[in-house]
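What follows is chain A paired twice: with chain B in the first complex and chain C in the second.
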Partner chain A sequence: MADLGRAALVVTLGLSVYALLAGAVAARANRRRLADSARNALFCSFASTLVAAAVLAVALARHDFSFSYVASHTNRALPTAYALSAFWGGQEGSLLLWLLILTGYGALAVALNRRLLRDLTAWVVPVFGGIATFFAFVLVAVASPFGTQTAPFDGAGLTPSLQNPYMVAHPPMLYLGYVGLSVPFAFAAGALLSGRTDERWIVATRRWTLAAWTFLGFGQLLGAHWAYVEVGWGGYYAWDPVENAALMPWLAATAFLHSVMIQERKGMLKVWNMVLVALAFELSVFGTFLTRSGVVNSIHSFARSSIGPWFLAFVVISSLFSLALIMWRLPLLKARTRLESALSREATFLYNNLLLVALCLTILWGVLFPILTQLVKGETRTIGRPYYDFFLRAFGLPLLLLMGIGPLIAWRKASVRALARTLAWPIAAAIAAGAALVAAGAGSSRPGLIAYTFSAFVLATIVVELVRGTRATGSVFALVARNRRRYGGYVVHAAVVLLAIGIAGSSAYSTTVERRLALGETMHVAGYSLTNRGVTVARKPNVTETRAHLAVTGPWSGSIASGNNDYVNPPEPSREVGIRTDWARAEDLYVIVDEAHPRTNLIYVEVLVKPLVNLIWVAGLVFLVGSGIALWPDAREQRRLVTRLVPAAP
Partner chain B sequence: MIVAGLLLAVAAVVLVALPFLRDPAARDDRLDAPSEAEERRLALVEERDRALAALKELEFDHRTGKIADGDYRELVGPLRRAAASALRALDAEARYGAAVTAFEPPDLPPEPAPPPDEGTPPTPAPVPEPYPPPDEATVPAPPQE
Partner chain C sequence: MALAVAGVLAVFLLYTAVAGRSTPTLTPSQVQGKSGKLAVVGTVVGPVRGDSHLAGGLRFRLADPQGRSTTRIAVTYRGDSPPPLFRAGRSVVVTGTYSGGRLEGTDIVTKCPSKYTASTPAS
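Then we have the complex of A and B:
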């Protein structure tokens, strides 16, 4: 079995190298059969990678411990779903998943565009071939998932924190996003290499970019929810370098999704868009490097390895390649029009882009700083939460405001008078919301109050925009159907508002109390009373579960338990928190028992009351709905594309 | 398993070589890249689509009150001229090729006089859908010279 997996990966490597070299020669020398052959090599590389992935999946499902990877990441007690999720629980498996998605995406994107964009795809194939060559090489020569050994009786098992339903979905979702960003990159590079920098590459990759961005965004929310329920520190985002690794390409892709609309409408920002596409791709590879190299301290320490230098070399080479390509084609990327007014939709998109990229680069600096200080001074200086929180407020709040102004401002040029008239209702709604919040006592946190007020403003602008659009077209369904991308985008804006409210509420207005409680003792937190009812210990085949039980009275009455799990295989502890959601009050009671002594029934407990935190998870669902609307195929648009690309009969 | 790996490799080689096996002595082995004329047509089509989309956006922004009547009147003329110019250039390209693509149309007559009251904007003239398929196209009437 392992031999077949190894052979399949070697075949993939050979095919990828061929797609790279033959594809480049064919595109350069204008040779059709060679280009078709290189394209077939890309298709076949997906098939051979699929064979390799199937071999690993079968080995995981059968607990075949003769595979070192299977023995290192699973054991017999592991349910099949988690055994299969070990595919991406370790470094080699997750790299194989990268390659599988990359070759799959590449084959599909090239197949879908091979007739309409034949000249462009001739150059896209070698770009995909180049990226696949790197990953196939790493899997064949550096980190193979098909190493074998004498099979032990049982495996080492999967890290307990990864045995969670969210971890079954979170990593593949992130990979679908990370790797998805290679599609716009490959087409952009293909456009530059071929010298055909018209809009076809944008039209061809619009949905790919949106899909990758959706996967990446939703994947991060799944990861945040996993951290909230599993890691047990009471939060959902810790500005961990590996978390930031997923956020940075998402921010760059968000900037691109906005700025590309200006290129489509006005033929401007061509260089900027190329830079953003390259930045998003490089950050996605850099993110994989951060996750897999162990170069930074992270809670994702289960993913450390020695493949870092290979990734770093790839990031450097591909960044230089992108930069050189853009510089080479600068004359083709000149804009033919200019920004007509600083008060226009395109100007707000530009401001939005600057803020998004500034936030992205600020986070990048925060991630790189410890690595650079280690290299330069030999000591690691980490950047903490206050740094990130400051820049999140500095760039995030203006972004939130722009999200409200943007939809209501006209393209090309808007007058102050028209803008004031359009914004009157949203401003009134924001002021009313702000005053009501101050009256309700929300003035204790200025950033929180600003975030809430801006959120009210944005929600009001979305409502105003929908009402006016519906009046103009006669029906809200007709309105959305005529421009799915725009109105899907507004739904996504609503999701971001819910996210902002959830983050502001759960961070600026949360209450935390830590206490040592003896048996029968009671503590009071934000209207709740919690009484220690004792500690129990349950011994199961692979785990000892210690739980402190607390009786709760207040807004609701009942009991809540929290404690630790001590696993036998792998021998690791896992903190188990108690969470009770009160939907009527829109808040969570979050209980963390740090220590529980079964003999004395003494516990050390931290209790958090987190208002509005669940809006963050609701935002994830709204985000999916909005992205779904924007992604939904539009037959009219397809017809337009075909008439644009296929010359009409004379 | 080694046999299966070899079979996989052989199948891959056959599929990769297929374009040469199917057509061993191709008469024309060039990639069908767009000709210069086709690239010009594509550029003009993009220009047309952009101009028509901009007109549609402007009309919609005006109807939803995002743009004042004065700004609307100031912007709609150049946009209509740009759209008409792109359509004419595209038509000329299709009929006569590159020789007349650079044709510059004469200026259109000035826009109608502004309405007396900005509070009641005029009903805008119907504007064609952007990127209309040939069978659905509603090309604006040519200017009166």
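Then we have the complex of A and C:
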């Protein structure tokens, strides 16, 4: 079995090298049959990677501990779903998943565009081949998932907190996003190599980029929810390098998704878009380097490994390659039109891009800061939450405001008077919301108040747009169907507003109280009273569950339990928090029992009241709906594209 | 040009914000001769004694991660209960004030097992 997996990976490596070299020669010499052959090699590389993936999946499902990877990441007691999820749990399996998605995406993207964009895909094939060559080489020579050993009786097992449905879905979502960004990158590089730098590569990859961005965004929210309900520290995002590694490419891709609209419509920002698409791709690979090399200290216990230098080399080489390509083709990337006014939709999109990229670079700087201080000062220095929170407010709040202005401001040139007239209702709504919030006592946090006021403004702009459009078309469904991309975008904007409200509410207005409670003692937190009703211990075959029980009175009455589990195999503890959502008050009561002593019934407890935190999870669902609308096949748009692209094709 | 503007904007604000807000993050072998507020990354060495809620605090030692040095530093941690994953042999980051060869800890973070970490399989 392991030999089959190894052989399949060697075949993938060979096919990828062939797709790279033969594809490059064919594209350069315009040899059509050789280009077809290289393209077929890319298709076949997906098939051979699929064989390798199937071998690993079968080994995991069968608990075949002769595979070192299987023995290291599963045990016999592990349910099959979690055993299969170990595929992307370890480093080698993650890389194999990356290669599988990459070759699958590459084959599909090339197959779908091979007729309409033949000249361009001839160069896209070797770019995909080059990326696949790197991953296949690492899997064959540096980090193979097919190492074997004498099978032990049982495996090492899986950390209890990872035995959670969120952890089954969260990592592959992120990989679908990370790897998805290689599609626009490959087409952008193909456009530069072929000299076809018009908008066709953008049109061909728009849905790919949107899908990758959706997976990456939703994957991060799944991870945040897992942290909230399972890890039990009361938060959902810690600005850790591993978390930031997913956020940075998402921010770059967000900027790209906005700026391509300007290129499509106005023929501007061509260089900028090339830079953004390369940045998003490089950051997605760089994130893997960060998390695997051990060069930065992370609370996430990723193993240090030998793949770090290889990834760093790949990032450096591919960045230089991208930069050289852009410099080489600069004459072809001249804008068709110029920015006419600082008060226009184009300018607003540009400001949006600058803020997104500035936020992205700020986070990158924070992640790299320990490495740079070590290199310059010989001492590692880290920067923490205040730094990131400061820049999230500095760049995030203006971004929120622009999200409302951007869709309503006129193209080319807008007048202040016309803009004020257009935004009159949203401004009135924002002022009314701000005044109501101050009256309700929300003025205790200035950033929170600004975030809420801006959120009201953006929501009002969306409502104004929907009302105006519905009046014209007669139905909101007809309106959305007529321009799915635009109105899908509005729904995504609404999701971002919900996210902003949730983050502001749960961080700026949360209450935290820690107490030592003896049996029968009561503590009071933000209108709730919690009384210690004692500690119970339940011994089960693989786990001992210790729970402190608290009676709750206040906005609602009932009980809540929290404590910890001690597992036998693997011998790990896990914290079990008590969370009760009050939808009427839109807040969570979050109870963390740090210590519970069964003999004395003494507990140390931390209670958090987190207003509006659940809007973050609701935002995830709204985000999916909005992305789904924008991604949905649109026959009218397709006809427009064919009309636009076919004459451009040779 | 836009990238340059974004870069300059970011660096300027970074400079103003970062100054004075970073914390030295060291291993036990690097702590010698230092003093003041810092974070120490290391592996917990037992015995772990005491109670973080009491005046005497929770007492343990920290060794360099992955045994790169034999240096140990003494830690007294006072504050909330340590995370459930805290115990001898775990990788932790302790933030506090270092003086006289002892770290007075005010915060402990244990490594979060957000990936399946390999350990020696049962035989």
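In this text, the second predicted complex is superposed on the first by the 638 of 650 C-alpha atoms of A that agree within 3 Å, B and C clash if a C-alpha of one lies under 4 Å from a C-alpha of the other, contacts with A are read in each partner's own complex, and residues count from 1 in each chain.
The criterion applied here is as follows: contacts are C-beta pairs under 8 Å (C-beta built on N, C-alpha and C of every residue); 3 or more make two chains touch, one makes a residue touch a chain.
Predicted, not measured: the structure shown is a model, and the values here were computed from it.
Under the clash rule set out above, the superposition-derived model of chain A with chain B and chain C shows the two partners fitting side by side.
Within the superposed three-chain model, A:77 lies out of touch with both chain B and chain C [touch as defined at top]. Of the two partner chains placed by the overlay, only chain C lies in contact with A:275; chain B stays clear of it. Once the two complexes are laid over each other on the shared chain, residue contacts for A:65 go to chain C alone; chain B is not touched. By the touch criterion stated above, A:365 is placed in contact with chain C alone, chain B being left untouched. By the document's definition of touching, of the two partners only chain C reaches A:161; chain B does not. Contacts of A:387 after superposition on the shared chain: chain C is touched, whereas chain B is not.
With chain A as the common frame, chain A serves as the apex of an angle whose CA-centre rays point to chain B and chain C; its value is 150 degrees, to a multiple of 10.
Contact with neither chain B nor chain C is seen for A:107 once the two complexes are overlaid on the shared chain.
Taken over all C-alpha pairs, chain B and chain C come no nearer than 23 Å in the superposed arrangement. Residue ranges on chain A touching chain C, taken from their complex, read 65, 71-73, 75, 86, 89-90, 152-156, 158-159, 161-162, 223, 231, 233, 240, 242, 269, 272, 275, 297-304, 350, 353-354, 357-358, 361-362, 365, 369-370, 373, 379-384, 386-387, 390-391, 394, 514, 516, 564, 569-570, 572-575, 594-595, 604, 606. Here chain B touches chain A in the complex through residues 1-2, 4-6, 8-9, 11-12, 15-20, 23, 26, 28-34, 38-39, 41-43, 45-46, 49-50, 53-54, 57-58, 60-61, 63-68, 70-71, 74-75, 94, 130-134, going by the rule given at the top.
For chain A in complex with chain B, the residues that touch the partner chain are 1-4, 6-8, 10-11, 14-15, 18, 26-27, 30-37, 40-41, 43-44, 47-48, 51, 118-119, 122, 196, 198-200, 264-267, 408-415, 417-419, 421-422, 465, 468-469, 471-472, 639-641, 643-645, 647-648, 650. If you check the complex, the residues on chain C that touch chain A are 2-3, 5-7, 9-11, 13-14, 17-18, 21-26, 30, 39, 41, 53, 66, 80-81, 83-85, 91, 93, 109-123.
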